[in-house]
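The same chain A turns up in both complexes below, where it pairs with chain B and then with chain C.
So, the complex of A and B:
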């Protein structure tokens, strides 16, 4: 542009690095704390540089767990979180893509009513129906189970809308062509529509995986057994004991481990992540 | 809008929608309906008999000063979180929108906190600002601040707002950057040629053109502050000290946990439901406008 951009550019770099520092600082502190001795931290003497207990702390966190509050190894909690996140992400995509397929490619009585019934669930997040949903899951004997963790969260108005929108843009000629080839509805779905939806599915998967991994309120309610805890619930229980007894290096190592998979997904699959985020919000 | 090329089948479409419909009816509509019914009933202390009491549960709720405070607090938190996070994210996005070397790296380094779960955010921030062992608290005390968010309600509220705003920076940054990049460069150039200085260009050109994004993000941030702060509050303050960080969602949760009044808890859920419907409605009206913009 017209004015001298040199100085302004330096200012921009400077502000951006300050922003990055603010965003990264809490995580830096967590990483540093996870390599130090608990006694130092508890005295308020924590160093701002990494300590020498990295392997020891992470070994204990992943395979043993805290010695006080919950004796559950964090490795196991991560496994629970992983199963729940994958079940939610894959489940939402699977049931949404087939319902969108039915709504777009068939004419049947109550088609639009069904569409609206799915759509309105947008307005019923789990927070507004906490205890009644809990009661139903309890009545179905699904407390402390993977089914109970994932099933009630698996419906997705957003994903259904997204696939519906995408299917509307698929040219009609494709269907006519595959019909001439003698393909029925299921064959067309499997051989033509699914391959075309790959990028959409991948973008959605990235977002839904993060969403599933980060679930908190629901697992907090329906898991009572330590071995069914997800990592997000586990970390909360680690700091329930009186402050003096909290094993901070282990808590911080757990925080780092809880962040690792979703942050990795965002950084490694940035393009899909951005695409998924922008599309699900439309 | 309808497709012209379709398949003929009587049963297949129902089979295809059945799984989603089953989950939606069992885990969404049925519990929501239960909450609505429950909110009109009063159960005796032993849960043996229930009577239909019309709007008594609601009236009692609104007479309860604690509930009224929770409403005010939730709105205050929402706006404080939204405004602080939005303004900081906008500043960063405007900087990152300039043709800088390494702008992709900047984006990567700024968006990852989106992936940090709310309870983890709470743990990170309470550890940094813990009164006895937090590394930042040391400096606050050295600066003469009597810092103890575990005892001081206002400080606890400030801590929640800071942590919640921190998490939301990356999301807002990403949408602001996309919004900025959608503005044609020629508009800025025209303003520059007319002699508008950068600050003036921002307030008279960028800001108005960005207003749809700002409004959209405002709604999203308020919804976020309503619901997703639960995890932050639960790991950081548990609603305390006293009730100084109890939001509406936290109140539904903690009242129900104590096994108290079912009718009141259901009425709280229904009120939240109405709030979500209003917020989603606003969001959708706006999105429709954006399409025809």
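So, the complex of A and C:
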């Protein structure tokens, strides 16, 4: 590695820069397109340099929406997406950590059967069981509601499995020391297991938030009102217009806005996220 | 302060495995009781039953005059030190020690006094704000001790607390534990597989094997008069030489009252290299096979001419026919030399043929 380090390093960096360019260029185009005049884009004369319409395009996107008849401010869509993604991430973590706690630490009848039932649901994602799920949500009058958006996606086998595996690595002596220290099951869970699971929870939150934020099929099915639609559904609707020109600057601005919350979550939780994936702090 | 009494305690696991087969032990107030035995003998299980971490399937466990069979660990007024310390990794040293007290609803000021006092005794005062992972093995060990001390329990339970430490630290912590226990004068039960730890710590030593108590008593008394061949070979390092008396050579030397003994045991240090045969004692011709010099003393490993002279005894077993002799200093016969070793009558341990009974000559 030490010999002709110079050339090798330049080659390696050059290859990495090509990779970055390939990944980043579409994002750059989206940002540039969101600051230009729609007519220019429609004519195929889009410049590769940012245009001068940044503030007016983003203002219109966030607070007004497209000029079509089913217009909806993107700010509202983002709020819907945010509520749904947060509810899915937090709800999934809460439910799965509790069920994993029950499965690992309590001896009750049919414990293993229940574990396997949870395990089997791994093979049945929403897309596979979409009709029965829709029927249930409709019967419960949860169409066009936040509950309907989030609840069916909350029950999760993956997260339960992850916490189960983590709990099984926690030494039994900690539980025994807690028992001798006078901590009951709830105390042990709250005082010892939750703090130890912190990094795992953070890693899971990042993954689940992005998963929830990127949901497309399920929100498309169960939301009919425009003010309940999520940003992913909204973008798609903006592109297909029947009688007017697609307003590309607004579409691109929406795409850029749709990227921001996941980016923010990853950046904010990066440290915990990486630790949760690589390190087990015991 | 309390005494601990085990009355015919039994443990049978679902599946039928009998881990503890009726144990009777009485530990008086303030005594240091050590449970010792090879791995799998049930000593840890027994300790965990006293702690309340394992259920009792038979008999009674009595702490301070109260049968605790059905009482939760937290309410038994015990504190336990675990082999891997079991410190809460996310809590500071202070909180590790304070946790049990907080759960009992003690006032924060009282907790502070107790924790600081324990930290002072254990020389942890400078580390109260650190996390366990920032501490060395010996310091973690002391935090675990501190967590037990602050509770001011009736009984301390130690589950092989020193086995994760290096040899040097183990010796100094052993002395620390003994001094601390003397000062606090709290009844203690200590589990170990290390017979040296057992000998040095115990007021009362319980030697266990296969879920049963082989012998209970003062460590020196056990060393001097082991009740069975198992105890004889387990307590003492290197182990006692055990020989069958069947070969006429030994039997004729013993003569008289010892004729019903099937096994004779002689500790390595009780042999002397000599040409004389003490009256009623045992003399053996040996061929020197190996020499171990450890400084103050030397171990001579010799083989006897006959086959089949040694009796099988589980721990630290030597090949049959091999005899260990311990001599002071570093002067030793050459390897391959033919020597004669002898032990006087008073130093012989006689056992019945099955090794289960000691015969007083």
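Just so we're on the same page, the second predicted complex is superposed on the first by the 256 of 282 C-alpha atoms of A that agree within 3 Å, B and C clash if a C-alpha of one lies under 4 Å from a C-alpha of the other, contacts with A are read in each partner's own complex, and residues count from 1 in each chain.
Keep this in mind: a contact is a pair of C-beta atoms (placed from the backbone, for glycine too) under 8 Å apart; a residue touches a chain by one contact, two chains touch by 3 or more.
Only a predicted model underlies this, so the values are computations on that prediction, with no experimental measurement involved.
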Three-chain arrangement built on chain A, chain B and chain C clash or fit: fit
Mind computing the angle chain B to chain A to chain C from the CA centres, in steps of 10 degrees? 90
Per-residue touch tally on chain A - higher for chain B or for chain C: B
Output check: A:196 vs chain B and chain C. Expected answer is one of first, second, both, neither. What do you get? second
With the two complexes superposed on chain A, say which partner A:149 touches: chain B (first), chain C (second), both, or neither. neither
Looking at the overlay, does A:250 come into contact with chain B only (first), chain C only (second), both, or neither? neither
Looking at A:176, would you say it contacts chain B, chain C, both, or neither? Reply first, second, both or neither. both
What's the minimum Cα gap, in whole angstrom, linking chain B and chain C in the superposed view? 7
Chain A residues contacting chain B in one complex and chain C in the other 176, 281-282
Complex contact set, residues of chain B against chain A: 1, 3-7, 9-10, 12-14, 16-17, 19-21, 23-32, 34-35, 38, 88, 91-92, 95-96, 98, 100, 106-121, 123-128, 130, 132-135, 138, 166, 169-171, 174-175, 178, 188-189, 192-193, 197-198, 216, 220, 227, 230-231, 234-235, 249, 252-253, 256, 262, 265-266, 269-270, 272-273, 276-277, 280, 287
Taking the touch rule as given, give the residues of chain A at its contact with chain C in the complex, in rising order. 171, 173-174, 176-177, 179-183, 187, 191-192, 195-196, 198, 281-282
Hey, which residues of chain C end up touching chain A in the complex? 51-53, 72-74, 78-80, 82-90, 99-100, 103-104, 133, 147
Touching chain B in the complex: which residues of chain A? 1-3, 5, 8-9, 11-13, 15-16, 19-20, 22-27, 29-30, 33, 41-44, 46, 48, 94-96, 98-99, 101-108, 111, 114, 117-118, 121-125, 127-133, 135-137, 151-152, 154-155, 160, 167-168, 172, 175-176, 184-186, 188, 210, 213-214, 216-217, 220, 232-233, 235-236, 239, 243, 248, 251-252, 255, 258-259, 262-263, 265-267, 270, 273-274, 277-278, 281-282
